[in-house]
Amino acid sequence: MIDIIIHCTVALLLPPLLLGVITKTKAAFAGRIGAPLLQSYYDIFKLFRKGSVFSTTTTWVFRAGPLVTLAATVTAALLVPLGRHNAPLSFDGDMVLFAYLFGLGRFFTTAAALDTGSSFEGMGAAREVTFSCLAEPTLFIALITLARMSGSLRLSTILTYPSPGLWLATGASMLLLVAALFIILLAENCRIPFDDPTTHLELTMIHEVMVLDHSGPAFGVILYSAALKLLVLGAVFVNVALPVSTGDSLEDWGLFVVAMLALAVGIGVVESVMARLRLLRIPQLLVGATILSAFGMLLVLR
Amino acid sequence: MLVLVASSIGWYALFCLLGGTLGGIYQLDWPMPFGPALFAVDPLSALFLFPLFLVSGCVALYSLSYWPAAERSDSARLTLFVGVFTAAMVLVLLVRNGVLFLMAWELMALAAYFLLTTEQHNREAQKAGTIYLLATHSGTMALFALFSLLHRVTGSFLLPAPHSLSTSVTLEAVILVTALIGFGGKAGLMPLHFWLPGAHANAPSHVSAMMSGLMLKMGVYGILRTVLLFVDLPGWFGWLLLVLGGWSALNGIALAAGQRDLKRLLACSSIENIGIIFIGIGMALVGLQTGAQVLFICGFFGAFLHIVNHGLFKSVLFLGSGVVLHSSGTREMDRMGGLAKRMPVTAALFLVASLAICGLPPLNGFVGELFLYLGALYDGIASPLPVLALVAPLLALVGGMAAITFVKAYGTIFLGTARSTVAEHRHAADGPMVGPMLLLAVCCLAIGLAPLLLVRMVAPVVRFYSGADVNLADLGGLQIPLMPLTALNLLLLALIVVLAVCYRLRLHGLPKAASATWGCAYQAPSPRIQYTGTSFSEMMVNLVGYVAAPQRLKPVLAGFFPARTATFSYRPVELLLDRVLTPLFSWIGLAFSYMRRLQHGQLHIYVLYVFATLFVLMIWAH
Amino acid sequence: MLYALVLIPLVGALLAWVIPDNRTRPLVLPVIALAHLVLTLLLLWHAPPPSANGWIWLDPLGKLVLLCISVLFSICAFYAVGYLAYRQERSNRVLCMGLLVCLAAMGLVTVSQHLGLLWVALETTTVAMAPLIYFNKNARSIEATWKYLLICSVGIALALLGLLFLAYSTYVAQRDATLLLSSLMATARGLNQGWLHAAVIFLLVGYGSKMGLAPLHTWKPDAYGEAPGMVGAMLAGGLVNCAFLAILRVYQVCLASGSSELLFFQRALVGMGLLSMAFAAVFMAKQADFKRMLAYSSVEHVGILAIGLGLGKGALFGALFHLLNNGLTKGVLFLASGNIHRSYGAKTTDIVKGAMTRLPWSGGLFMAGFIAITGSPPFAPFISEYTIVSSAFAEGDYLVAGAFLLFLAIVFIGMALTVLPMVMGTPSDTTPPTGYRDSVLMVGPPLVTMLIILVLGVWPPAALLGLLKEGVALLGVQP
Amino acid sequence: MNSLADQLLVLVMLINLIMLGSSRLIFSIRAVAAQGVILGILPGLIHPFSLHLTGITASVILAKGIIIPYLISDAVHKAHIRREVEPFIGYVPTLFLGAVFTALAFVFAEKLPLAPEHKELLFVPASIATLLTGFLILTTRRKAISQVIGYLVLENGIFVFGLLLTEAMPFMVEAGALLDLLVGIFVMGIVINQISQEFSSLDTSRLRALKEE
């Protein structure tokens, strides 16, 4: 019970911090002081107090977009184990629902983007659906591989199963999976090298361009959902990549938060040292990730 | 109207049957030398009858306002054939005599032909009708062979009892392959799908709904019925179905993504859904053959649920496309836009169905796919060589592409602003046509929220195949998460509602403003600047260029102010039809025209033919 | 009573000759036709015993053909009244007489138990048909008539030689030549094999050319294409069936003579049948002239009949039933095509388009006929064709069955590509309107026929099935 | 008697060859008439006398020797043609083919068993040879009239064989056959007249409008 409360608390409160850490890391690389770590919280709060502008072309779909996305992401957050703790909700095949909830969110985000009638937003939406479509199989292959190792179909079991021992036994395969998952993490969250959230040219953006027309509380919701998504997918990655357990529940929670922050730093580092890929290259990278995960699966079968 | 009455009677009958023992048999002494005319209802036919009565009833209601008898002169013909079509499908499901089955089958196919060529003066519809008729009749020839072979094996024209047929390996293979050609062609399984997009696109929309939602399923029914006859099936058949299903699903949706014609898009997505159904059947058969019960159960549940579900949401989509067509006067999505403001109910229902067809929770499409995923995942952890596990990433890819397709369709049609003046000026309102659509969409949602309802209905069918009771709660360590699914779906809906209420309250206290869409500082935006559906899916279409292979005609631009006539055109190509079948036919036609010189009009050579025949026979007799 | 079958039409022919008025003369046709139909039904109900010398008797096979002919003729007769009202510009005396003489001869064919008499009657039909084909009196119709006359005459002459061979084989064996069916069958086992063999070949080629089996069918497209619709119907539904009856008689003799001869005959029939279907398939593709297309369809169905007979066993039922079905369906098609021809003044598909719009009834009937003739349920030809296929499968003749289905499919494709644009679609604006309108007399008869075909396909009367079974029994299979 | 019959049959075969080689239409018609007369005489030579036989002899001579040739030459006169058989293949090759066919006829006849009293006679080879000649004329000649002549020769060939059975066959059938032949030729004559009116020629190679492109 305590775990569930902590789960909810962490899931609800931690996400914006991750964004702050990433920004801070990037600022550090650029030799700037950068915004405060808690800047994202401020942003979101400020947005909730702001008025909204709605385009005259939009309909209720435009308004529903952020809300459905948030609802779907929150539901997904309930399914994924954070650290060594089981998720509040868990059943056989919950990973399918997990993946499809993101799909639902994406459907609404992109539909909302199209609702504005802006060509830029349409462009972003097209990219978003295409890239995530290519990313999806990778996720499933990786999850099946992990499921096969753990012999279970529940995310909670699958993702808490990896251990240092497993790493020692099937290192090569795990490495491939982690690489694939990291690529998925970056792609799904629209980070460099797939997308640059801070760019100033709408033509080259993916996620940010889709939400150009949102304002006020809705935009706050979007920011928050994005951060939550980062946390949820990050948790999947962290669970596989850093399978350390202290044995004590509370210490494990601490460990998880630290690991997530470390992941945020890692993302920040990647964003600082890499340039954004050309849009045409992105599918190739995603297919490459699929191949990596498939190869990892083959190694497990062997 | 009559169809409506009939379908309600059918409903009543179905409920009686569901309430009863599900084993009604009615026998009629047919004077033909093919044995008695046997009609029976078993769980398998009941499974198909359920969406059939539901959808045909809704379609009948819909057509009252879609094709009003007062305004359209051809409505008598249309209504007649809708009735014949429905009746023939019911017959197909009920008869247990091979010859009668063929009769009902062909009646259905012919009625569909007349339905889809209702618009007599539409050249494209005529062409599509011709292709359809040729394809379906050739498929019927395969069925001639199928039922003749069954007759050879059993010595009777009555369909053998379930699980009673066993024969030599070769004959079994031939029977299965003929069934696959005959029924698979009707179901639109690739590569026999070539007739489908044109046919569904050009029929009146409610007919398309019936063809796609119901008639394609008859092909599936045929395969399921054939499979049911055998004592044990050869292992390769399940795999073959699986591969064909996967191939259809992937390529079907790839084709759909590249379409610009709304109804063609829906038609191609039918190919995809049929593919998914066949993946399920293939999985179940593989499970049956290898003794993996979980695969068997998951495969069949997935397939059966999807059969019903697809019937529901595809009907909503086609009916919705009819409303859209009425109001915009075109099928080309790139000329539409902004319809959601003028017909909010239709837009909402279309959205529900789009979500369902993408398999997204909390709608019914997800339930069927979930079973398939579960089967695949279970194979992934349990089988020594988890080939079937690949179904999961495949379905994920297909699902992703479905999302592209339907975001594109929904976004370009209903969202944004009207792209052409044609779409703008037509009279448009929701009208009474949305009633039946609403009913179907509510069914979609109900099944999505409480899948147990449908699962209960489908369970007897699975039991029919396995011969034993199915305990979904525990399948070799796997629990089918129906209750958690309901809970989570409700949670999701509740969350959405709560968020919406909060948001609304929040907005209430804040300043609001309305303005034009942010055009990135562009000062003179026009509706034509919007992203088109074609551009939306272009990236994906390019990735799967081998199937969709659109033809692009780029104008050559010369000078500083190129002529206005230079336009860019984009046309999706049907690979099989345009690149293979049409050239093949013209080649054969050419070969035939050489052979036709035998009839050259010279009498004395004709006399020579007579004597040549005489000589040949003499020599042969020797 | 059997003699009345021949005499009534002859009296009618005489009447037609006597009546001077072009307008009232055609009325003789329906009167005689009705009398003939009533007589036929009476005979079917209660057949008189064989005549004294055994030459004349109506056996089940004859009954079947007689029924088909009589029904078809009645339909054509009523149609003719309507049709000839449109063709007042020329005398219809020869046409009416020819039709009636032909009916008489065909009646004689059905009751002949003596092969020689049968030959004479058949030759009479050949000659009587010639002026009918020439009704339009133009260059094309004369060419068609000439070709028809010559090829059929050569064929029928060969058949005569075959008959002589057959008679000689009895002569060699028992020093007493006979062509009486019953005595032939009684002594068939002792017949001289060599002569019998030669006889069978000549008879097959002879009657085959009359029936239109490929490659002896060359006259068919020309004659069918140029003759008026109802004459085409009588050719395709009457003459073909008479010739087929002759072949059935030969089959009976073969059956009685033992297995080797029967086997050869059956194989030859199947071979020629498949060849006919193949020819038809090739020639029907892209056929621009719809009447010629119907002719090739007739070639195809003659092939189906031959295959059904050649396969024997269960297929015999199909073959006999198909005889009836094909005759009636062809009747509908020819009559409807005649109407369309009248209405457009053309019979090529580049001009004839959208008949369903211009002539809803005739166009619809043509469409229905097309669906029926290609073996689609719920019409009767489906039943017969399917019986033949399934029996081929049942006997293990996979090759024959496969080829049969393949050709059916090709024929369907070819025919559909001609028929669909012609019937469906939009009429082109350039076609000048003609005086023709669908009238009861010109649409009613084919409509009735279509209904009969439908009933036969769904729920045939038990009496007919009993007749078919009796016929099958004569051909050696006890059902 | 039998040797006389054989000689007549040889004559029949010679007439065949003459017809193949002749270029004049009227001459061919006369040759057919001659053949018909011979055919009329033949049954009397091989069968014992009877009323039936007389009837046949009389009617055959009447039909084949007089009426039919008359009908044809009438048609020829009406169509204003005298000569030119106009073969598709030259006379010499046709003659050669005719010779080959005659030889073949003998071979064929050898294969078939004959009743003892017919063993010595040439009926079967003569019949087949005449049949084949008729066929040759039918396939190689251009004029409609020539084709009718070919058909007649064909019929004669069949009739030669029929002579073997004259006794056994009922009169009615024979009469019917003859009558049919007569009417057939009559109708052909009418048609020929129409052809010559319509095309102002009897050249059947002009009758080629009805064909598949």
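Structural remarks
As written, the chains take the letters A, B, C and D, and residue 1 is the first residue of each chain.
Definition applied: contacts are C-beta pairs under 8 Å (C-beta built on N, C-alpha and C of every residue); 3 or more make two chains touch, one makes a residue touch a chain.
Since the structure is predicted, the reported quantities are computational estimates derived from the model, not experimental observations.
With B-D and A-B as the two chain pairs, more C-beta contacts join A-B. Among the other chains, the CA centroid farthest from that of chain D is the one of A.
Per-chain Cα centroids separate chain B from chain D by 69 Å.
The distance from the centre of chain A to the centre of chain B, each centre being the mean of the chain's C-alpha atoms, comes to 35 Å.
For this pair, chain B with chain C, the centres built from the Cα atoms lie 44 Å apart.
For the pair chain C and chain D, the distance between mean C-alpha positions equals 30 Å. Residues of chain C found to touch two or more other chains are 146-147, 150, 154, 198, 221, 283.
Taken residue by residue, chain D touches two or more other chains at 138, 147, 204, 207-210, 212, whereas all remaining positions touch fewer. Chain A has no residue in contact with two or more other chains. Across the whole structure, chains are in contact as follows: A-B, B-C, B-D, C-D. Touching chain B in their complex are the following residues of chain D: 88, 135, 138-141, 147, 204-205, 207-213. Interface of chain B with chain C (complex): residues 30-33, 99, 102-104, 106-107, 110, 117, 120-121, 123, 126, 129-130, 133-134, 137-138, 140-142, 144-145, 147-149, 151-152, 157, 588-589, 592-593, 595-596, 598-599, 603, 606-607, 609-610, 612-614, 617-618, 620-621. Chain B makes touch with chain A in their complex at residues 337-338, 340-341, 344, 347, 351, 354-355, 358-361, 366, 369-370, 373-374, 376-378, 380-381, 385-386, 389, 392-394, 396-397, 399-401, 403-404, 406-407, 410-412, 414-417, 478-481, 484-485, 488, 491-492, 495-496, 499-500, 503, 506-507, 510-520, 527, 529-531, 535-540, 543.
The touching residues of chain C, when paired with chain B in their complex, are 146-147, 150-151, 154-155, 158, 197-198, 201-202, 204-205, 208-209, 215-216, 218-219, 221, 264, 268, 272, 279, 282-283, 285-286, 317, 354, 356-357, 371, 374, 376-378, 382-383, 386-387, 389-390, 392-394, 396, 401-402, 405-406, 408-409, 412-413, 416-417, 420-421, 424-426, 457-462, 465, 479.
Residues of chain D touching chain C in their complex: 111-115, 127, 131, 138, 144, 147, 151, 154-155, 157-158, 161-162, 164-165, 168-170, 172-173, 176-177, 179-180, 183-184, 187-188, 191, 194-195, 198-199, 204, 207-210, 212.
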